[in-house]
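Alright, structures below, take your time with them.
Below are two complexes that have subunit A in common, paired first with subunit B and then with subunit C.
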Partner chain A sequence: MPTITFITAEGKEHAVTAEIGRSVMEIALEKSIPGVVAECNGSAACATCHCYFDPAYADMIGAIGEHESDMLDFTASPRRPESRLSCQVRIADALDGMTVRIPAMQ
Partner chain B sequence: MAHAVPVVSDIAFSDLLIDPYPIYKRLRDMASAVYVDAAQLALVTRFDNIVAIERDSETFASSNPGSLVNKVMGHTMMRKDGEAHATERRAIEVSFRPGTIKNHWAAQFEAISDGLISAIENQGEADLFDALAAPMASLALIELLGLREVSWQTLARWSQALMDGAGNYSGDPEISARATEASAGIDAAIDTVLAWHRENPNPAVLSSMVNAENPMNLEQIRANIKVIIGGGLNEPRDSILSLSLGLLSNPPQLAEVMANPDLWPLAFEEAVRWISPIGMYPRRVTRDVELSGVHLRAGDQIGLCVGAANRDDRRFENPDSFDLFRPKQPHLAFGAGPHFCAGAWVARQMVGRIVVPMLFSRLKNLRLRPDAPARIHGWVFRGPVSLPVAWDA
Partner chain C sequence: MRHVVIIGAGQAGSSLAAKLRGLGFDGRVTLIGDEAHPPYQRPPLSKAYLTGKLDADSLALRGPSFYAERGIDLRLATKVTRIIPAKKRIELSAESLAYDDLVLATGATPIRLPADIGGSLANVFTLRTIADVEEITPHIGAGKRALIIGGGYIGLEVAAALSQSGVSVTLVELQERILGRVAAAETSAYFRSLHAERGVRLVEGVGLVSLEGEDRVRRARLSDGSCIDVDFVIVGIGVRPSVALAEATGLAVENGICVDALGRTSEAAIWAAGDCASFLWDGRRLRIESVPHAIDQAETVAANILGANRDYRPRPWFWSDQFDVKLQIAGLNTGYDRIVGRKGAKPGSCSYWYFAGEKLLAVDAINDARAYMTAKKLIDAGRSPSPLDVADGVFT
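Moving on, here comes the complex of A and B:
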């Protein structure tokens, strides 16, 4: 299983192994990573699982959908080029070693 | 060792309607789920339990064969789970996206709000329920759905009739008749405009339903429009009033928000935490399961009291006070999980960014009337039912 590393807003690192096919948001909740709120549990309706994804993996995490992009314009922390809703990114082998930064506010 | 669900028999239904919060505190401190005779449901009142339940829709289902909602409105997405729910939800999503709201609906909400406030501006006093909140919520919903030639009073009447019908556990024939009549009225109103929406794609909900990648059939359209009418009118209405009441009751916070408009979104979130417009909604237990030491059985009906969770003192300090400066953390006023309120962004924009800011900037020295105090009522749906105010006209 690939390993991904969450980095909280305070800089604390949590390296976890992640099951293929699940969303990054689900992994964060399952491993009790602080700062991923996910109010809507993966429906892309609440914009509270916003994370900053390692740009080196941009080609491997899939494209941003129109709806997701719209939600990202309304996140509590600023949208950046590497912003994604973590509920929309699926774990795959190619993501081994990726870091995911959690914003200060959801 | 898990215990059976404790039972409480000494709570009157009227106590819940008048002020549920002391009852909620008692239930929260008693157990994770408590069967309340007056409500005929096991009530879940702790924040963490509700979050956990909403993350497990297989064990705690929204679908319910015996649901009165289904009987009154048809088979709506609110009472479906999994892919059946997700497909219908995706069909309407585009109408409720934050970008669609900002670029399309905001201007319409502003025009409606401006018209209503202009009409009372010179009066010097009004009850904000009738003068602003009720017509605002209804007129905005008519636009959002894409209905035409329906008055705000008619839509408000339909909404109330559907909700009364959905809560008609005693089978009162008069309530059933009113719900049936409202249902027929809504079907006819949809028929009038549906072909137009099919031919003229636009951001309205009816257009999204027929022009989606997986369009809804007529039965789905009728049921889901009804659930949006039943469930989409009270909440903006009541949150307009709760936000106004919260600020009018706390002048120092009002002064801060007037000096710094960036605080409006925080004030809105605090208002719906403080008095959550939807206080309780049901789930059905599908298998025997333990919930924090209480044994729930397959088939149990449980009521998730988000109005109680939002005042859980394990989570919020001084939970009964309105304090927009409290540390920012999630609340459950929009629910959680797959059924997270589809209209959340509409409400944030309409109530928190447009109507209430416009109200306070246009009506100078807006204040409560000591001779006519606000009245707040309800528990399943809760909000101010009267909010008399005065201003310098």
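Moving on, here comes the complex of A and C:
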């Protein structure tokens, strides 16, 4: 199973093994990583699972959808080029070693 | 050691238990639910899960080891049968437990059709739990004929999911239009044409007279005089808050278990949250049936059990997925006197803004995430754009 590392807004690192096929948001909830709220449980309806993804993996995390992109324009913490809704990114082998930064506000 | 007992292991119950630990509570936490599954999400039950596009594991709200790792004593398939407030005890089927603080998070129960019009025939279903879906799925297949009773969000979602699986679907709505209780005529019209285009037969302003069949349901007689052949029926005519336990305990109940702003019932050591609880808001007793509300209210109650003394302030929002359309709703539209429509940037996207005078109450955003997110921020902040600006697409 790939390992990914969440970094909270305060800079605390949580390295976790993640099951292939689950979303990054689901992994964060399962491991109780603080700062990922996920009010809609992955329906891309709430934007409270916003995270900053390691740019080195940009080609491996799948393309951003139009609806997702529109939601990201209004997140509580500023959108950056590496912003994604973590419920829309699925764990794959190629993501081993990736870091995911959690914003200060959701 | 202080012991918090939560009755109902659904969305509110599980959020409350997790929040207690998140806030550092180190006493005992017991979470009791009468379903066989650990706490799971209900929204997919009428959407992707109904047609097999999601597996049961991905419905779970938390991973399998979550509760044990946090010292949350999760008891499944266990019904609480009685509360004895004078002794601060509850009774389960085989034992009794003492509590210091008790939370009712018992949710809601679907309304069934009366037996005398065929409501208890085989193959007549309601949809609330994984167990309900397990009963329905064997009947889903190309060429099957389903009747859905009730054109609210759940009925429409089920209609969309079934018809995408090749089921031929008829939906009857007794009121003059679908979504009549929850949305404006404009939103109803959008979904009416969406369903019609995708081949769902929508019949509005028509009631069910009776379901008929010998061994199982075979025909439905409608109030327009027609009679249709059916293989199965799904009843989506709303829910009632699960208040039996609260009533038997003598707690105040009015459109749900009455709670104060903190989430406390009429009994000091007993709290309630989620679909089962009614709270005062804008001078009336309100009950909200949605995931975000269940989470927020449960988390507020968790904090208040630990002494935070924080009033619950709802920030209602909701979503519905039908075919490839996503509806997102911000706010509560009760009391609106005018609707302002606004076209979205993309083809097929639009939003309807509900106003009472100059005050923005709610917005239905259809395939329009930008309108939804803008409206949500305005409503949460208590701000209202002018209706004219809304129509022009200008915001300040």
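Annotations
We take it that the second predicted complex is superposed on the first by the 106 of 106 C-alpha atoms of A that agree within 3 Å, B and C clash if a C-alpha of one lies under 4 Å from a C-alpha of the other, contacts with A are read in each partner's own complex, and residues count from 1 in each chain.
Methods note: a contact is a pair of C-beta atoms (placed from the backbone, for glycine too) under 8 Å apart; a residue touches a chain by one contact, two chains touch by 3 or more.
This is a predicted model, so every value here is computed, not measured.
Subunit B and subunit C, once both complexes are superposed via subunit A, clash. Touch criterion met: A:Gln106 reaches subunit B, while subunit C stays clear of it. In the superposed pair of complexes, A:Ala45 makes contact with subunit B and with subunit C alike.
Of the two partner chains placed around the shared chain by superposition, subunit C is the only one that A:Ser32 touches, whereas subunit B remains out of contact.
Clashing C-alpha atoms between subunit C and subunit B turn up only in stretch 380-388, chosen from 20-28, 218-226 or 380-388, once the structures are aligned on chain A. On subunit A, the surface patch touched by subunit B in one complex and by subunit C in the other comprises residues 29, 39-41, 43, 45-47, 67, 70-71, 73-74.
Contact residues of subunit B toward subunit A in the complex are 54-55, 86, 89, 93-94, 97-100, 328, 330, 334, 336-338, 340-342, 344-345. Here subunit A touches subunit C in the complex through residues 22, 26, 29-32, 34, 39-41, 43-47, 66-67, 70-71, 73-74, going by the rule given at the top. For subunit A in complex with subunit B, the residues that touch the partner chain are 29, 37, 39-43, 45-48, 67, 70-71, 73-74, 76, 105-106.
Partner subunit A is touched in their complex by these residues of subunit C: 18, 22, 41, 43, 58, 61-63, 66, 70, 291-292, 295, 317, 319, 321, 326, 328, 346, 367-370, 373-374, 377.
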